[in-house]
Structures are given as structure tokens and as C-alpha cells.
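Several structures are given next for inspection.
There are two complexes below, and they share chain A, which is joined by chain B in the first and by chain C in the second.
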Partner chain A sequence: MARYITKRLLKAFLIFFVSITITFFIIRFMPSNPVDLLIDPKMGPEVQEAMMEEFGLDKTKGEQYIIFLKQLLQGNLGTSFKSREPVSQVIMQKLPWTLLLLFIVVILSLAVGIPIGVYSAKHRGKFSDKLINIVVMVGISVFVPFLAFLFLYLFSYYFKLLPTGGAYTPPPAKGIRYVIDVLKHAILPSLTLFTANVASILMYTRNSMIDVLEEDYIRTAYSKGVKENKVIKVHALKNAMIPTITVTGLMMGSMVGGAVMTESIFSWPGIGRLIYDSVSALDYPVLQGSFIILALSVIIMNIITDLIIAWIDPRIKLEG
Partner chain B sequence: MNNIIEFKNFRMGFKDESGNEFNLLDDISFEIKEGVALGVVGESGCGKSMTSLSVLKLLPSGVTIQGGDILYKGDSILDMNQEQMEDIRGKDISMIFQEPMTALNPVHTIGFQVGEALKVHFPGMKNSEIKANVLEQLELVGIPNPETRYYQYPHQFSGGMRQRVMIAMALICNPKLLIADEPTTALDVTIQAQVLELMKNIKQKGSMMLVTHNLGVVSELCDEIVVMYAGCVVERGNIGEVFENPKHPYTKGLMAAVPSLDSKGKELYTIPGIVPTVKNFEKGCRFSPRCEESSEACKGIKPELTRVGDNHFVECWKYNNSEGSPCQK
Partner chain C sequence: MQNNRTFFQSFIRNPMGMIGFFGVLLIVLLGIFAPTIAAYPKGYGTEILVAPGSGMLFGTDNLGLNVFAEVVWGARSSLYVSAIAVLVAAVIGLPAGLISGYKKGKIGSVIDGLIDIFLTLPVLPLMIVIAAIVGSSIINVAVVIGLFSWPSLAKVTRNATLRISEMQYIEAAKCLGIPSYRIIFKHILINVAGPVLVNLTLIMATAVLSESGLSFLGLGDPTTWSWGAILKKAWDASAVIDTPNPWWWWLWPSVFIMFYVISFNLLGTGINEILNPKSRE
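Right after this comes the complex of A and B.
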């Protein structure tokens, strides 16, 4: 077990290093100059140069990379070009909002996707299963921004039930009213992301459940006189959950930075929105920082996923 | 002697995608008496496994019952509801499956899986009692270090050990009937011999239905034999009578195809032709296209099971002396 974890961590470190390196250079090779956006053209060339120096943009890309790595080792993600605040501070302000959205979406998707997936597998080929399949297909293929605008139009504009954007109504209220206000703002972005994600959780659960229900050991369980719902809960679900856990892990990892469109449409103050804003402002350090957080969360979620699967399936531990 | 299980003209089949109905098991009739070991033999695909699964109503979906009945101690199994079946499965009738590699759940410990039937059928039993029972059973089927093995998972067991686990699992509630569906087929020869030895030692307690394509196994373990071909019982009876005096051309062929010491150096006999698939079963005697003794008479109507000895029945026009038999005309 300890060997398995050590190996996983070493691999994770390597992946992290490669991904931040790629991120660094991709951002640096964007075909525009951030200084142009920050500096008033009326400023003199000396001022421009001073600013370039301040941000370290006068050095070669190789030198910048070394500085970047050094700073990273000290836990310093640099300073935002735009707000002049430390990047870590900027990210830490946004991260809780993204995590809030993420947990709402993941818990809802699992709570809805798994039972319906199991139901669908149990009633395979029947009308209810076919109906669920159609809904899943629509859910998987729907264009997320379209869905976001549809919800916005319906619930915020037409019925005027829910706020159009942001995470709370300024100025923030106190206590329980603040919580309710935030949850109200979270409904539409959560619903959008939920629709996109529940479909894949449901589909993975259904398909792996169908495979598992055909397994010989399920017949063995029935031959012992175990009742159907017990067979499903005790014998099938544990085996069938493995693909679902993998997708959920990947989904959670990528959603930390992946909800760019949804967060932008609903002006949700999370990491996705931050990435969008930083791209527009060519704010290298913030972009870089966001991608580091994203890479880190994908890697951490992968490790957690692997550990959960190894815990469920006893065959995996030995293969480490 | 009372019958534990009685197949009465049981017919079963399935529907394909386009809704055409096919017959798989045609007019199966035989019984398993109390305390008797019955061997069911036949080639792959002749319906042996389907017959054994029918007893527990564990048939795959899409299979339809087309007629007849299966009686458990005189009560129709086909009429029983889900709950009654669950009560019988594992407690009165239990089953050992063909594939020890896949028939155990990879994510549960051996101890849990062997003890589960006790947990299901004796809800009042304490966990410590269940464990003691399981350990005793594991010991009985020859698993060394049951205390350690109890907490291990199937992948930590070899094929032969897994089959022993399956046997322990099937016997834990002392069933009245044990169905063993090709229990040794997936194992290598030495392990086969060990498992057979084990089955020989445990067989005394209740009845057994041993499904196999291995005549040697049947002769070692069974008191009675049912020979199946293409979903029909072609011959059945006392093991001695059938082995010494096989009547049906198919049984004769099967016996002749077993290599023996006398046949050393000679070419091994094979039955000509291949096993028909469900979709092209012959209308009359299903064996007639491959039968060396068949005549035109065999083609149209299926023969009936006819008594040819004290406990010896055969389904062949050659021995059918009832009125209307084509052979008599």
C-alpha cells in the first residue's frame, strides 16, 4: 500500500511539473504583448521599460521560466499584472466560490445519476429505460452556454424567479439571509452544470451496471437466495461504481477550471470566470496560477479516485 | 423413495429479435430421487445447463417456458413466486457453477460469500456462529488455514481452491439437492481429480444433480444417468443398466467415443455430423440426421420415452412398441 502511494505521488509530481512547464510556455507564446494592454501609449518609453522590468518581461523566456520555478518553490505565484495583488490571494478569493458550485453539482449529480442509472439498468430495454436514454443523450449533447442562456431567459427574465448573475446581492446580507441569498444565486449555474454532468454519471452507472448484472457472480448471489435489491446493493453496485467514480473524479478535477463558460455567463466569481477575465487582460501570472490550481486539482482528484477504487476493488492494491 | 425434483414434460425455449419462437428443451421428463446422485450428460449446447438452471428458475432473460412443469417435492416450481424461490435457493437447493474464476464476487471476502446464505436463510444467527460454520465448512472442503483464508478475496485463490470455496458455499446450509454444473470442466486434470474426490466424499448427505459432458465422472459419482441430445432426454436410467446396455444410438456413440485401454492404437470412434443449432432442430427425432440406424420413420414424429428395463428408458423409434409407431408399420 505504502509503495503504491509513493509511486502514485512520484508520478503525480512529474505530471504536475510537465503541465506547469507547458502552461508557462503556451501563455508566453500568445501572439500579443500584455504591456500594450496595461500601458497608456502616451507614456514615455522609459516608463514602459520600467514596467517591463517590474514584471520581468525584459528577460528572455528561459530566464523567466527559471524565475517562475524558483518563485513557485517558495509558494509564490507572482503578482497580477492587472490588480497588482499577489496571484495566490486573487485565486484564494475565487476558489471557494468554484468549490461551492462544484460540490453542489457533484453531490446532486451523484444523488440523482446513480439511482436513476441503476433503475435504468434494471429495466433495460423497457420503455422507462428508453426514455431515460433519450434524456441522457440530450443532456450529453446539449451545448452548455445554450443551456445557460435558456435557463437565464426562463427563470430570470421570463418568470423573474431567480437572479441573473453574481454570487450574492450587494451589499452582502448577514447570517442565514446571506446563505439563502448565495444559494439562490447558485441555483442557475448549478442547474446548468448539473444537467451537463448528471447525464454522463447516469450513463456510466447504467452501462457498467448492465455489464455487472450479466456477470456470473450475480447469478451466484441469486442462487444463494439473496433478494434482488440486496444483490444489486451488495453484489452489483460496488463493482459497477468503479467507472462512475473515475468519471466523477475527472469531472471534479476539471470543473475547478472547466466551468469557464458557465461561470462567465452567470458572472459567478469563481476560477472559471477569473480565467476568462485574465485571458482578456493578458494577465500572465493569474492565468498561470489558475492553470496550476487546475492541474493540481486534476492530479489530486486522480490520486483520490485511484485510492477509492483500490479500496473498493481488492485486486488493485497488489498491482501497485 | 420420494422425488426431490421431477421434470414433467418440461418445454422451454426463447424468442429471437424478430419474435420467432424456438424450442430448446423438448418434453424433458426425469426425476431426482431423495439421496440419489443423478448425472446429466450430453454434448456442449444440448441444454444441460439450461435444465439445471431451470430448477432454480435462474434462466437468462428472454427465455420462455413453453409447457410442462418442474415439481419440487410435489409442488410446482413454475407456480412459485419470487419469495418462495428465494426461500428455496441456497437453502434447499444450491448450485455449484462451471466457472470458479468468475462465479465469485471479486470485491467481497471469501468468508462473507460463503456465509451469506446462512445470513439470508437464518436471520437470527449470530455473526460469530456464522463465522464458526463457515470456518468448519472451509476446513471440510479442504482449504488450508481457513482462519486466514476467511478474510481473503477470490483473486488470492487458485482455480481449484475457488471451486472448493464454491462447494463450501453451496453446502453451507446442508441443501437437500446440490446441483453441480460442470464443476470440474474449467480446472486442470490434477485439480479435477482432487475436486472429484472431494465431491465423492460429500455426496452422501443429500441428492445431487451432476451436469457434465464427462462420462467417466458420471460413472464414478452417480447412481442414475440422463443422456441429453439437442434438448431432449434420449435415454435415462440406472447407471449400471445404461452403461452396460446402452440402447439409444446416441448413447452407444457416446460410449464408443470414450477412449479406453482396449482401443489403444485404434482410431477413436466419432459420431458423424455436428450438433444442430436450435434454429435447425429436426422435427422428429432430433438425432436422426446423425444416426446410423435411422430410417425414414424417424423424421416426422418425435418418439416417446419407452421403458426398456427395470429402471431404463429410451426415446427412440427402434424401441417404441406402442401403437402408431412408424417402425411397427
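Right after this comes the complex of A and C.
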């Protein structure tokens, strides 16, 4: 197991290194000049030069990259062009909100998608399964802003039950009332992202369950006289879970993408909203920092899912 | 049995594939004949925010423009963007998948590693930044989407190639001294065409989701009508949560996005079922 974990961590580190390098060069080789947006053109050239120097923009791309890596090792992501605060500080204020949203969505999607997927596989080819398949087809084709609009129209405009945006009603309340307030604001964004993601989890659970149910050892279990429910829960589910967990890990990247749109619509104060706001200001360090943190979160999620899979299926860690 | 039927014969017997095909056909016709169906919406209309039905099929927006005309012209740009995105994805993804699957060894694992990295990265945020900075002309947006759509295609191609390149006729081709590039781009490419085709229809679908997303976030081409751009205008005018509520303004473009995506997904599923009869229920 130790060898498997070491190998997996090395791979994760490599992915992380390549992704930060790609993002650094993509962002730095863009044609726009951040100084134009940062500094009033009426200012003198000396002031502009001083600011270039302050942001390290006067050095060559190679030197900027070395500085960037060194600072990254120290946990320093640079200074925001716009707010002049350390990027790590800006991001850390936003990260918990995004993680909260993603956490709710992952848990909900697994809790709903897996049982329905198993049910659908059990009733393969019957009416209920066909109906679920149609719903899944619509679900994987969903456009996130459309969902958000529908929910807003229904719950905020028509029934006036839920708030239209933000994460809490200002000024923030204290104690339990704050928690309730935040949860109330989280309902629509979570519901939107959940609906957009649950279909894939359901589909993968269903398909892998169907594959597993055709295996010889399942037939053996049945012929031993084991009840259907027990066969599915004890024998089949564990193996059927492997593709579902893998997919959940892989979906993190696209979920983060959906979160950008969801957060922008619901003014949810997370990293997605931060990215959108930073784009219009060409705030390179914040954009870069947001990517690094998002990529890191996704990579960590992937390690976790890989470890869970290795724990479920011992063959994987032996091969590793 | 299966071999007695041509692909076409099986296809017209596949309900999912046929529904998808006609959906795609409808969008394509809308896109091609947009100028004949509706005049290009520009300037100002006389009646603002008219509900659907009263002479205006889909109603009008806050400038008095016909939402139906906007949606029809939106079909045109959506098709254009997804077609270019698919082209870009194919130009990168196909060779990457074919070469890494055929060569295996070092080149194979390097390309495979790259595919994994790009599959892991949160792609939409990356597209947002690039689209924001390269400038939002429709062609730029299409190319950016294509640049990040190749990994799934490459993966599918690679897996299929790995399987095909073990086959004896490839072995035979090697023994005959046929150069690698001809084996790859002639003998293998034809035999991985099935899964590649399925993946390309899926990329058509996701490309329009990305395009609509980028336009909705204000990163699309401001001079072109696209479904995401209509949604952005409606959202900016608070058409979703304000009273009176012009729901037709945001509902129709959304319905068309979903229709487009579902049609391409169904088409892909249909083709897949015909190529792998085992996956059929």
C-alpha cells in the first residue's frame, strides 16, 4: 500500500507541476498589458515603471517563472493587481464558500444518484428504467444557467420562498440563525449544481451495476440461495462502486466549471465568482492563484478517490 | 444477422438515433436558412417585451427585437462555433490518440500523461481567461473551445487504437514494410472511426454548452447573436426575477440549447448502439 500511495502522490505532484506551468505561461503570454488597466494613463512614466517593477512585470518571462515557483514554494501567490491584498488571502476568503457548495453537491449527488442507479440496473429494461434513462439523457444535456433561471423563477420569483442571491443576508446574523440563513441561501445554488451532476453519477452506477450483475460470482451467490437485496448490497455494490467513484473524481473539474456559472448567477462569494470578477480586471495573480487552488483541489480529490478505490479493490494497489 | 444489415439500415431502425438525427437536421436547417426564415435582428423595435403569441411567435425583448429571429440566428452561430471546435479538437486529438496508442512506449505514456492532465484540469475557468484575453471574436471562442475539447477524443482514439494495433492485419502490414504513418492514418484510422464518430457528436454537444456558457458570462462575440448572449441580455435586464416577468426572453434560447445538446447526445448514443449492439438494452 505504501508503495502505491508514494507512486500516486508522485503522479499527483507531476500533474500539479505541469498544470501550474501551463497556466503560468498561458496567462503571461496573453497580448494584453495589465499596466494599461492598472494605472491611470495620466500618471507619469516613472510611476508606471515603479509599478511594473513592483509586480515583477519588467523581468523576462523566464525570470518571472522562477520567481513565481520560488514564491509558490513559500505559499506566496503574489499580490492582487486590483485590491493590492495578497492573493492567498483573497482566495482563502472565497475558498470555503466554494468548498461548502461542492461538498453539499457531491454528498447529495452520491446519496441520490447511487440508489437510483442501482434501482435502475435491477429493473433493467422495464418501464421505470426507461423513464430514468430519459431523465438521465436530459440531465447530462443540461445547461447550468438555464437550470439556475428555472429555479430562480420558480422559488424566488413565483413562490417567493428563497433568496435570489448572496450567501447570507447582510449584516450577518449570529450563531444558529447565521447557519440557517446561509443554508437557505445555499439551497438554490446547490440544487442547480446537483441537478447538473447527479445524472452522470446515476448513469455510471447503473451501467457498472449491470456489468457486475452479469459476473459469475453473482450467479454463484444467487444459486447459493442468497436473497436479491443481499446479493446487490453485499456482493455487487462494492465492485459496482469503482467506476462511480472514479467518475466522481473526474467530475470535479467540470463541477468547478459549473460552479463558476452558478456562483456568478447567485452572487455566491466563492472562487468561481472571483474568477469572473478578475477576468474583467485582468487581475493576473488572482486568476493564476484561483487556477492553482482549483487545480490543487481537483488533484487532491482525485488522490482521495484513487485511495478509496485501492481500498475497495486490492488488486489495484498490488499492480501499482 | 448484424453483418447482413448495413449501417444505414440499422440506423433507421434505431429510434434514439433517428430522433437525434432529425433534431440535428432541424438545427442545421435553421442555421443554414436563417436569413430566409427571419430578418437579422438589429436596432430597435416598436413594441418592447411583447408576450409570445400576439403576432410575435416567441415575443420580443426589451429593445423590441423579435426573440424568434434572435434564436434562429443563434442556431447559426452555435453550429458554426461547435463545428470549428470539433475540427480543432479532431486535428489535435486524433493524431495524439492514434500515435500514443500505436507507438506505446515513451511517446505513448507522455501523450497519455498529457491527456490525463488536461482531463483533470478545470477547463471552463481556463477557457474563460483565454477567451477574455485573446478577445471575443466568434472564431477565437470556437478555437479556444476546440483547444480544450481534444483530450476526451484523444483518450477514446487511444483506447480504440490500442485494441486495433494488436490485430493480425496490422502485424501483417508491419511485416510488409508499410511505413508507420500509413498504417496509422490509413489502416487504423478507418477502424477506430466508430468510437471517434460517437465522441465527435458528443463534442458538438459540449462545445455548444461551453460556447453558451462563455457568451452568458459575457465572453462571447458581442456582434453576433448566440443563445448564450440572449440569455446574458435577459439576465442583465433582470428578466428572471423582476416583475413583470418576460419569461419568454430567457426560456426559448434555453430550450434551444437543451434541444441542440440532447439531439447530438441522442445521435451519438444511437450510433454507439449500432456499432456495439451489446450496449443496447
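As a working rule, the second predicted complex is superposed on the first by the 313 of 320 C-alpha atoms of A that agree within 3 Å, B and C clash if a C-alpha of one lies under 4 Å from a C-alpha of the other, contacts with A are read in each partner's own complex, and residues count from 1 in each chain.
As a convention for this text, a contact is a pair of C-beta atoms (placed from the backbone, for glycine too) under 8 Å apart; a residue touches a chain by one contact, two chains touch by 3 or more.
A quick note: this is a predicted structure, and the numbers were derived from the prediction, not measured.
Peer 1: With both structures lined up on chain A, is it a clash or a fit for chain B and chain C?
Peer 2: In the arrangement built by aligning on chain A, the partners chain C and chain B fit side by side.
Peer 1: Looking at chain A, which partner touches more of its residues: chain C or chain B?
Peer 2: Counting residues of chain A touched by each partner, the higher count goes to C.
Peer 1: Looking at A:Ser290, would you say it contacts chain B, chain C, both, or neither? Reply first, second, both or neither.
Peer 2: second
Peer 1: Taking the superposition as given, does A:Leu274 touch the first partner, chain B, the second, chain C, both, or neither?
Peer 2: After superposing on A, A:Leu274 lies clear of both chain B and chain C.
Peer 1: How wide is the angle at chain A between chain B and chain C, using CA centres, rounded to the nearest 10°?
Peer 2: 80
Peer 1: Look at A:Asn302 in the shared chain and tell me whether it touches chain B only, chain C only, both, or neither; answer first, second, both or neither.
Peer 2: So A:Asn302 only meets chain C here.
Peer 1: Contacts for A:Leu101 in the overlay, against chain B (first) and chain C (second): which applies, first, second, both or neither?
Peer 2: So A:Leu101 meets neither chain B nor chain C here.
Peer 1: Touch test for A:Lys227: chain B only (first), chain C only (second), both, or neither?
Peer 2: First partner only, chain B.
Peer 1: Applying the document's definition of touch, where does A:Arg219 land relative to chain B and chain C: first, second, both, or neither?
Peer 2: A:Arg219: touches chain B, not chain C.
Peer 1: To be precise, I mean the smallest distance between any C-alpha of chain B and any C-alpha of chain C in the superposed model; what is it in Å?
Peer 2: 11
Peer 1: What does chain B use to touch chain A in their complex?
Peer 2: 56, 58, 82, 86-91, 94-95, 97, 99, 102-108, 113, 116-117, 120-121, 153, 155, 166, 169
Peer 1: Which residues of chain A touch chain C in the complex?
Peer 2: 14-15, 18-19, 22-23, 26-27, 30-32, 124-125, 129-130, 133, 137-138, 140-146, 149, 152-153, 156-157, 164, 250, 252-254, 256-258, 260-261, 264-265, 272, 275-276, 279-280, 282, 287, 290-291, 294-295, 298-299, 302
Peer 1: Which bits of chain C are touching chain A when the two form their complex?
Peer 2: 113-114, 116-117, 119-126, 128-130, 132-134, 205, 209, 212-213, 216-219, 228, 231, 235, 240-241, 243, 245, 247, 250, 254, 257-258, 261-262, 265-266, 269, 281
Peer 1: Per the contact definition, I'd like the list of chain A residues that touch chain B in the complex.
Peer 2: 215-217, 219-228, 230, 234-235, 238-239, 312-315, 318
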